[in-house]
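Two complexes come next, and they have one chain in common, chain A, joined by chain B in the first and chain C in the second.
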Partner chain A sequence: MTALETAETGETTGGSQVRGRLRRVLSSPSGLIGIAIVVAHVLTALFGPAIVPYDFALQDADAILQPPSWAHWLGTDMLGRDVFTRTVLGGREIMLICTIATVIAMLWGSLLGILLALVGGWVDNFVMRCVDAMMSMPWILFVMIFVAALGTGTAALVPILGVSYGLSVVYLARSATLEFVAKDFVLAAQARGERRRTIILKELLPNVRDSLAVQAAMQWSWMVLGVSSLSYLGLGVAPPTPDWGLMVADSRSMMAVAPWAVIFPMAALSSLIIGANLAVDAAAKSLGVDRNARPGK
Partner chain B sequence: MLRLIFQRFGSACFTLVFIAVVVFGAVELMPGNACTAYLGRDAKGAKLENCEARLGLNRPAVERFGEWAGNVLSGDLGTSVHRNKPITELVGWRLRNTIVLSAVAILFGVPLAIFLGVLAGLNRDRPLDLFLSSTSILAMTIPEFVSATLLILVFSISLGWASGVVIVGYRAPVLDLVMNSVLPAVTLALVLTAHILRMVRASVIEVLESDYVLMARLKGIPFRRIVWRHVLPNSLLPAISIIGLTMAWLLGGVVIVESVYNYPGLGRMAVDAVSDRDIPLVQAIALLICSIYILTNLATDLLALLLNPRLRTFRT
Partner chain C sequence: MSKSGVIGSGFGIVLACALLTAAWSQPAQAEKVLRMAHDLSMGGKESLDPLSPVRFWEVNDLLYNRLVRLNEKGEIEPELAASWTPNDSATEWTIKLQEGVRFHDGSPLGASDVKYSLERINDPALESPVTSVLGMIDHVEVIDALTAKIVLSAKHAGLPILLSDYRVRIIPDGSGATIEQTGIGSGPFKLEEYDPEGRTILVANPDYWEGAPKLDRIEYLAISDADARAQALLAGQIDFSRVAQEQGPLFAGNPKFVLSEFPSGGWFGIVFRTDVAPFTDPRVRKAVRIAANREEMVKLLAGEGHAIVTCDNPVKASDPYRADLDCPQDTELAKSLLAEAGFADGIDIDLHTSNLETGMVRFAEVYQQQVAKAGIRVKLVIAPGDGYWDDVWMKETVVVTSWDERPADQILNEAYRSGSSWNESYFSSPEFDALLDKARASLDFAEAKQAMVEAQRMLFETGGTFIPYQQNVQFAYDKSLTGITPVIEDQIRWDLVDKAEE
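After this line comes the complex of A and B, so read on.
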């Protein structure tokens, strides 16, 4: 709990503390495995285009539905496209979308949440009622209304996800902040006549930073799950781009003949989500953040 | 007690109205309207004007919202742009089918979840618990379309036990639907079971550590009797409201699972409607599914209130 105590004084801390936290996350075996999986995926996404043996859109009419072989490590799909190439590249778009959308969701969600906790009163009450009501809608329906109006593709998905996933961030940021608003150091800052902005940035933000970091990682893994499901339904990543969800949807009719065309993208997607969840769990535990501090969605 | 019940009713009504405003307002706030989305590149000239006149889009938004909400209350959900039919007619049978599928998943998943949850809780940190807990985490983290595809690969393609695609029409009798929806129901139940199992397990562990269970043990009451008399009643009551909350996962999962298995329900229709850019139909289905969620939540809330005297004293 030393980390928490230093944070409570409101001091901004240097790199050594961040390193210490990282070491604690890495010291649990599941956290280590989780982070290793996620890092491997990020590296694959970054350097994938340099290592793939084929063009992802290349349709080889002579090699349709080929089982895994030396020429095609993971086989080919019904259009003769190389499954290995497409699996390696299939996470790039989704990870990019989710990263940008997570930043958007965290920015507006945590600012609104902290502000609501600080302001309190009927404003807080009313806004939280609305957030509650919005969250009682299954997320996929919420997203589908926007997709119906705006269409699919990265440009539409990023703002849609940024807005809809920010709701649970509001919830968490507010409840994390509520623990501190009545503490002496915040009251002292208010008595000093500090501006609201200063109180948020200097007094509250350093204290809720850990919760927000865990929340950001969690949002990211939920979004990966969400976007891949949308892609599978044909409402997410647009077709020429290789994407795991799309690959599974494309090849599902041929599943009995060519199971490799669905198994490998599913394995890639599942490993990323499981890795991210292991890392989040370990981080939440070592930072002393309650992972389940949110209502059901 | 009465006040609490009224409060729950009030907040359910508020949520319902708020969702209706969001469902309607979201489309109004965004560029374009139901006609430009539907017509796409053809959205100009006489075609656009005809469509807008047909849907009455040339009137102010507030007026249209009033009319829409009024019609919804009287059971008229509007007209589909793409299919050009009353939505109520399109949605009726599919609503029944979705309810059938969810009901099968619940009737199968909830008892299983409670049983396994209690088992895991009583065997805390032993191999059985570790196995159940990690399996349920796996079931919760993997996307539904992945687990559905895996189930099809194993049980339909490799073993040939069940059909991987639902082939009955949307007007099929309930029994036919149930017989055909084994795999979809299992897929839905997987996630549902995982969530409830974890809650029940946590709740059982909490009760086992309580003073009254310690007291009962010290009195020398046999463990089996402690479990039946003290642990189960006290740990299962909180589970009732959890079941209400997991309805959100269930109803979200329905959209994906129905699409994977080609099940003729509301979820698949919603996906089709989004692909056709048929905004009025998407709005109607979203509102319908949300009302199901809100109503079941209200029902479980009131049931929990009725069965659990401790909740009645909370003034929130």
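After this line comes the complex of A and C, so read on.
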């Protein structure tokens, strides 16, 4: 009976388990590199304002498109702004937006997904068909409709991303939960007359937690790329906030003449995304989650 | 058949194939095609009706003729009008037409076509922006087959220069309902395919009255993004494009291209709608304009020597009617004007811009930084390029605008006279309109200039349009092209442009 009552993950060893997993992630070279890159980016974002030599918005008519030098380590852009300063600060806004939006997407997406799997029937069918319909629309189009309605900038982007990225979480959480809803420990909980909320929080959530954690990390790195694309198109972060996508869009016409204004923000963005992906891959392996078995993007 | 016969016939077939291939590829090489791009700024609604507010001006320049045009020196010269003579009070102008001009459908040009085309300007159903420029045309009388008399409702000594407007084109009598689709004019090129969102194709008009054009075809591709246009030119997809100042270096050192630069009266500006609060208050309007540092804007955006500082004055530097004004950055005055108007804590502005033309967003960014010191907090809103003129401009309260040069009388009437359809700042002042009327009615240059100068000063004091500088125009084109003169597109003689064989 005891075996039936306990959810399959074994909650008791929580702390040491997390440490064990982290050790496993770090023991793989790619995982170590990935985590190092992400941590470096996070630290740069946190302490960037203290280390940058210039004001990110400072325009200097006498220093337009200067190549890298002692005064401007990574050169200057078309308005004479310091590329180093802007590259260092260029990830702050985007990481903040993506982190908050990921939390929102995971919260509503996973709770709705688990609930639907548990409830089943026509409610599940109806809601999932709605989700299908929304997911059949290309992501960028979906987001652009909202951006057109709500405008650009951080305050608009967070809810837009939180909603749009939550759709694939609904899918994942629901299919991950379906594996467990017919299992004995859930049936037993239902037979005991446990409330639905208790079943979700105590029995189901612990079992799908690993899949969701991997999904959250993936969501975050997709979002970073997504917001950069939006900024590149002029629909994301508004100038003069330093942002990698915006910096690339701004200077792309001068790439042949002043490559530094494009290459450094591009390198920063790619390294963050590659780092996040390496870390997620290693984490998925150590958790035994198949990260390719996800729906959506 | 003998063995040698087989070899002989085989050789014959090979030779025939080779000749056929050569013959096939020969005409393709010989055809001279000029490929250009337009910016799709009317979002696909580009109209072949030259008077339409969404006129497809790039193509219309090639399909139709005007009565008169400006030459390379900026002087008026005959086009369809062989001569033009005013009466003593300049209320009636007699136009004699060139002989032997035919429209693309074969019909001859006559005075009735001039009457139809000019009287159409004032058709309210068209909502043409030209109405504000040539609204004083009362009617046109047909004197004989090739003579027309333009009768004005008020005297105007400078009518011919207004007739050189790029939209005042002569179309066949009665063709207003179909012109939008047919594009039948008397110009050097004829319409073959009209697809503003894709490829619009024009072919040479062999019977053109000034002599057959040197090119065989002109193709216009829709490319809405300015950087994409420059890249298309670099990649050889198009042969000619206007390029922004900052794109110059991409072509300057390249032996495949010619980069030509010349002074012009064109500008980027910021429009503050004078009919929407807080810009209904002239103090706020002046504050948001004088808070900017124009010299620095020239340095940052155009480069020294590539633009001339202007004090919100749309009249170009070389125009005889231009007012010389002084407008240094004055942050303190801007602050105190805002405080007087009740905005002691500064104001917040949503400034709409777009990547439609290279530098439009950067222009807004520089303004945003410069005026911050005066307590003007600007938030940039970046709109999509296609349809910008249709959906954003004249709709949102504060927008970045872009104009090409126009003669003083034309631009002041078109963009600032009360109620004119391209009055983008919704500026309305009876006093200003009276000054324009006075200038038009005056037959004395000094008197007319005084009124014009007064009107320009008024714009600087109370207007809703910020114009920091007027910039040079740059063309970049394939070096095989000849005949491209340093004048804006509608003044280029496209019939004389030629393409050397590669």
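Here is the rule we go by: the second predicted complex is superposed on the first by the 283 of 297 C-alpha atoms of A that agree within 3 Å, B and C clash if a C-alpha of one lies under 4 Å from a C-alpha of the other, contacts with A are read in each partner's own complex, and residues count from 1 in each chain.
Definition applied: contacts are C-beta pairs under 8 Å (C-beta built on N, C-alpha and C of every residue); 3 or more make two chains touch, one makes a residue touch a chain.
Predicted model, so just to flag it, every value in this text is computed and none were measured.
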* Clash or fit (per the criteria above) of chain B with chain C on chain A -> clash
* To do: Look at A:61 in the shared chain and tell me whether it touches chain B only, chain C only, both, or neither; answer first, second, both or neither.
  => second
* Asked: Which holds for A:136: it touches chain B only (first), chain C only (second), both, or neither?
  -> first
* Asked: Taking the superposition as given, does A:252 touch the first partner, chain B, the second, chain C, both, or neither?
  -> both
* Considering only touches as defined above, state whether A:80 meets chain B (first), chain C (second), both or neither. => second
* Asked: After superposition on the shared chain, which partner residues are touched by A:238: those of chain B (first), chain C (second), both, or neither?
  -> second
* To do: Pick one for A:150: touches chain B only (first), chain C only (second), both, or neither.
  => first
* Based on the superposed arrangement, let me know which partner A:270 touches: chain B (first), chain C (second), both, or neither? => first
* chain C versus chain B, contacts on chain A by residue -> B
* Where chain A meets both chain C and chain B, residue numbers -> 151, 234-235, 249, 252, 256
* Asked: Of all residues in chain A, which touch chain C in the complex?
  -> 57, 59, 61-62, 64, 78-80, 151-153, 234-235, 238-240, 249-250, 252-254, 256-257
* chain C residues touching chain A - in the complex, by the definition given at the top -> 226-227, 230, 246-247, 249-250, 296, 299-300, 354-355, 358, 361-362, 364-366, 368-369, 379-384
* Which residues of chain A touch chain B in the complex? -> 129-130, 132-134, 136-142, 144-151, 221, 225, 228-229, 232-235, 245, 248-249, 252, 255-256, 259, 262-263, 266, 269-270, 273-274, 277, 295-297
* Touching residues (chain side chain B, partner chain A) in the complex -> 11, 14-15, 18-19, 22-23, 26-27, 30-32, 37, 137-138, 141-146, 149-150, 152-153, 157, 242, 245-246, 248-249, 251-252, 255-256, 259-260, 270-271, 273-275, 277-279, 282-283, 285-286, 289-290, 293-294, 297
